[in-house]
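Every chain is named by a letter (A, B, C and D) in the order it is written, and numbering of its residues begins at 1.
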Amino acid sequence: MNKTSTATLLAECPDQAGIIAKVTDFLAANNGNIIDLEQHVDTSDKRFFMRVKWQLDGFNIKQSELSEAFEQHAANALNMNWSLAYSDTKPRMAIFVSQHGHCLFDILSRYQSGEWEAEIPLIISNHTNFKVAAKNADIPFYHLPITTANKQQQEQAQLKLLADNNIDTIVLARYMQILSKDFIQHYPHRIINIHHSFLPAFPGAKPYHSAHKRGVKIIGATSHYVTTELDAGPIIEQDVVHIRHNDSVEDLKRKGQDNEKIVLARAIRYHLQQQILVYKNRCIVFD
Amino acid sequence: MNKTSTATLLAECPDQAGIIAKVTDFLAANNGNIIDLEQHVDTSDKRFFMRVKWQLDGFNIKQSELSEAFEQHAANALNMNWSLAYSDTKPRMAIFVSQHGHCLFDILSRYQSGEWEAEIPLIISNHTNFKVAAKNADIPFYHLPITTANKQQQEQAQLKLLADNNIDTIVLARYMQILSKDFIQHYPHRIINIHHSFLPAFPGAKPYHSAHKRGVKIIGATSHYVTTELDAGPIIEQDVVHIRHNDSVEDLKRKGQDNEKIVLARAIRYHLQQQILVYKNRCIVFD
Amino acid sequence: MNKTSTATLLAECPDQAGIIAKVTDFLAANNGNIIDLEQHVDTSDKRFFMRVKWQLDGFNIKQSELSEAFEQHAANALNMNWSLAYSDTKPRMAIFVSQHGHCLFDILSRYQSGEWEAEIPLIISNHTNFKVAAKNADIPFYHLPITTANKQQQEQAQLKLLADNNIDTIVLARYMQILSKDFIQHYPHRIINIHHSFLPAFPGAKPYHSAHKRGVKIIGATSHYVTTELDAGPIIEQDVVHIRHNDSVEDLKRKGQDNEKIVLARAIRYHLQQQILVYKNRCIVFD
Amino acid sequence: MNKTSTATLLAECPDQAGIIAKVTDFLAANNGNIIDLEQHVDTSDKRFFMRVKWQLDGFNIKQSELSEAFEQHAANALNMNWSLAYSDTKPRMAIFVSQHGHCLFDILSRYQSGEWEAEIPLIISNHTNFKVAAKNADIPFYHLPITTANKQQQEQAQLKLLADNNIDTIVLARYMQILSKDFIQHYPHRIINIHHSFLPAFPGAKPYHSAHKRGVKIIGATSHYVTTELDAGPIIEQDVVHIRHNDSVEDLKRKGQDNEKIVLARAIRYHLQQQILVYKNRCIVFD
């Protein structure tokens, strides 16, 4: 365990007095130095949410024994749902892409510069446009074209690739296929999509055409977790760009793509850093 | 006519070569010095739009003869729809308000500081909350409460007040009543509303509640001309505010209200400065 | 004590393991239900900062005994600097203004709508422009014109007024006088100024002229605590507006003023809500 | 000449009545259909600026004869400085980069997707970090390390490479060397830099460190033409990102880099599309 290793706890439970005291007592008693602690209370639902990050250097409990210890000394009594992540275990992301490369290239640039603590073991596409880009980045590329006829079978192939590569997070970097309900349920709140509008406005296909037709003065992008209802999953991040009457649909696409890649990258980072809790289809993002 | 007086032409016609030449020739031939000229072509519809502003000092044509001269020497041949406005004729605005005062107070502050070249001869409200504010600003205040039973009759009273005061622009500064089709048709593209969401998302009532429920990360405000279809008129201006998971509905209202008043004020200014042309339910805003 | 009363603790101390546990243990042991808790660690300085807000309803310690109890059971051992505020004790703000009214009118609008939990017992100005506005808002107005000769004497008069009215926060709502070092030291980190540029760019007088001359594409506003070094105090809030080449200095002023009033209002709110800790001339703003 | 070919005129002259008429008459008389026309008047300097873009399809004057014709029929009488560009002549850009790749990768992504009408015949670097990236993009890469001793000689080598490749625009995509006065004067208003602060705040080295130290709440990026005065050239584009007290210098760099690449890309596009006129160290950007 290297000196800067940290553990991050995400937790939620019914609100009650003494939750933070119980969790931080547990850490303090075991010499855990807290780096970050954020909490949130949904007052209407009387529900408590929390993220705590602490240094593992000097911490008295081994990783192999931490879960049980935390359950026994804190979580049990609080009726808490929780998860633990360690900074020295890198998340493993798969990238899905179709024919628009702006998000993919942006992701590869960040990956190559070491911006993210993550592995990208594979890229999956229903087209071959970015085969060379994947090769240049030394990432295995799988071409799985989708037709109405073969969709179910190809999804099985995708699921096998994901399982074989121990993937825990899927990024849809402008992947223009609707995933099946079955596929989605394998990765609950672990598939991140980028939609090219400020949802809930302009869901579905061709949002820039719709935005142009409606004459809006801002266009947006929304990164969200994929759920079985199209474009209706919990929103992780959104941002907008101002436009003018003289911007054509092509201009909207161009300006919008700059926004899409930045919004998606922020959402990926929140996810990788264990900053997100989902409750009632809404994201609590501890930033 | 004082030295800084200007005329502003708004015009639209089928696109063709030579439009700008014909209009600017007419002005140059009569010694009109152009201060601003903007044009826009809707290439898919082959339609041309233009705004020209020039100094009246030294201009050879009298206001009383300008319309006929322009029609004869330029507009006729181009099959042009156009309007003229003069800087020394102040637009006359009526303000409609209900029980939220943030937009009204902002408008009054701008009015009193002389930010706008406009007159506000009256304030109409279905409540009495802002009677004193109107009095403090020396603006006549008319209390016209609305019920299902008296709505038609009260609108007639409103229309009479507007006509008696030569009103040309109506600002709905959070006026929580739906205007009748008949009322709206008296003021086509001259009623400016502020809606507290980034339309087309969250039309109708309680958009901040809907935004909170959906878990969006940005909230918006939209100023638009009122048409007979609710919240679907041509958009003049929009802007947004970023929010976080810990913002309650009350926080959204508070942050949103700051946005609403700024967006409405910008839209009013565009309108007063003759910067807007409406085509196919979209606003061309020459800024 | 009404049901929704809360206490807010702001605290800072050397970083060490167990701080949060000690503070939250103290609250839990006395049945204090935490509503908000935020913390920050300055890792390079090994310094810890914290804000905790809890419900007083059901809390076992009386206000009159809380300070001593907290010192004894928590703060002492941690070598902590701290302050306590209660939601049922309203802060008392004085507004200073000169001849630009946009910030003042915005503040009065918020004050009258009850947006802030605060009292404004007086307005002080070196001009008489806003005497009527103050009267309309039922706030005593004091006209204290400043000359080089009388400045010291007038500041003494101001200080007396502030003391007589138990003022704890001073808002300079575009007050165009430089306060003396002596005056400032009476209210450390309790005088809030709005400067019309994105500091540290364009300090001093006429920032919009400087911005226009430099040809910047964005203009800003900065709200900061006043310190004895001009325009160099800790920054509370900043925001910007995009501009174009065709914006004149007058346009910059107009667009900038909309930004100024929003930025100032946000800063005032952070201050009133006890969300700010100052450390090494930087503001930690728990939002 | 293909159907969508266009010509773009950038021009400036003393302000006077009839300029637009003279220029548009010339185009109309030769059957030039105007697509875009923007103008600006610097009223304090009585100077006029203009950009006109028209279709070459159907236009009666050959490219080889256009300059002389325009000079004779329009520019001469107006004492006009002007330049012409044709859409079927692609600008040729050289990219200079050091060891930060975010701007370079973003540029290559846009280049490969065909977003810009431009050629990139070479990349020059004082390091070898991005040799492979250049190779992957099929762009010749020249490694020219700079020391105090060899700087003058290496700049000569650079200038030769630029001349041999008919380069007209140089993009400094985070090139961490100060160019000599002599070098800069070879490419007046044709070297585009990205500086990682909202100039004029934080010029020079390490702006993110300075921003962190000053405790600003926004960080910026500025793209400008390089002049002989460091970080003081005419500003093409600026944008900002909001930050919080808990953002470290590393966070500022990461968030700032997203902003830098977008701001630089916008500036490059304005330049390539002939949308910029420089006057008195300020950029008029017709957008």
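Here are some notes:
Going forward, contacts are C-beta pairs under 8 Å (C-beta built on N, C-alpha and C of every residue); 3 or more make two chains touch, one makes a residue touch a chain.
All of these numbers come straight from a predicted model, not from anything done at the bench.
Averaging C-alpha coordinates per chain and comparing to subunit D, the farthest chain turns out to be C.
Note on interfaces A-D and B-D: more C-beta pairs are in contact across B-D.
Averaged Cα coordinates give subunit B a centre that lies 37 Å from the centre of subunit D. For this pair, subunit C with subunit D, the centres built from the Cα atoms lie 42 Å apart. For subunit D, the set of residues that touch two or more other chains comprises 43, 244, 287. Across the complex, subunit B meets subunit A through its residues 40, 43, 198-202, 214-218, 220, 234-240, 244-246, 248, 281-285, 287. The residues of subunit B lying in touch with subunit D in their complex are 16-22, 24-25, 27-28, 31-39, 41, 43, 242.
Of all residues in subunit C, those touching subunit B in their complex are 101-102, 105-106, 108-109, 112-113, 115, 132, 136, 244, 254, 258, 262, 265, 287.
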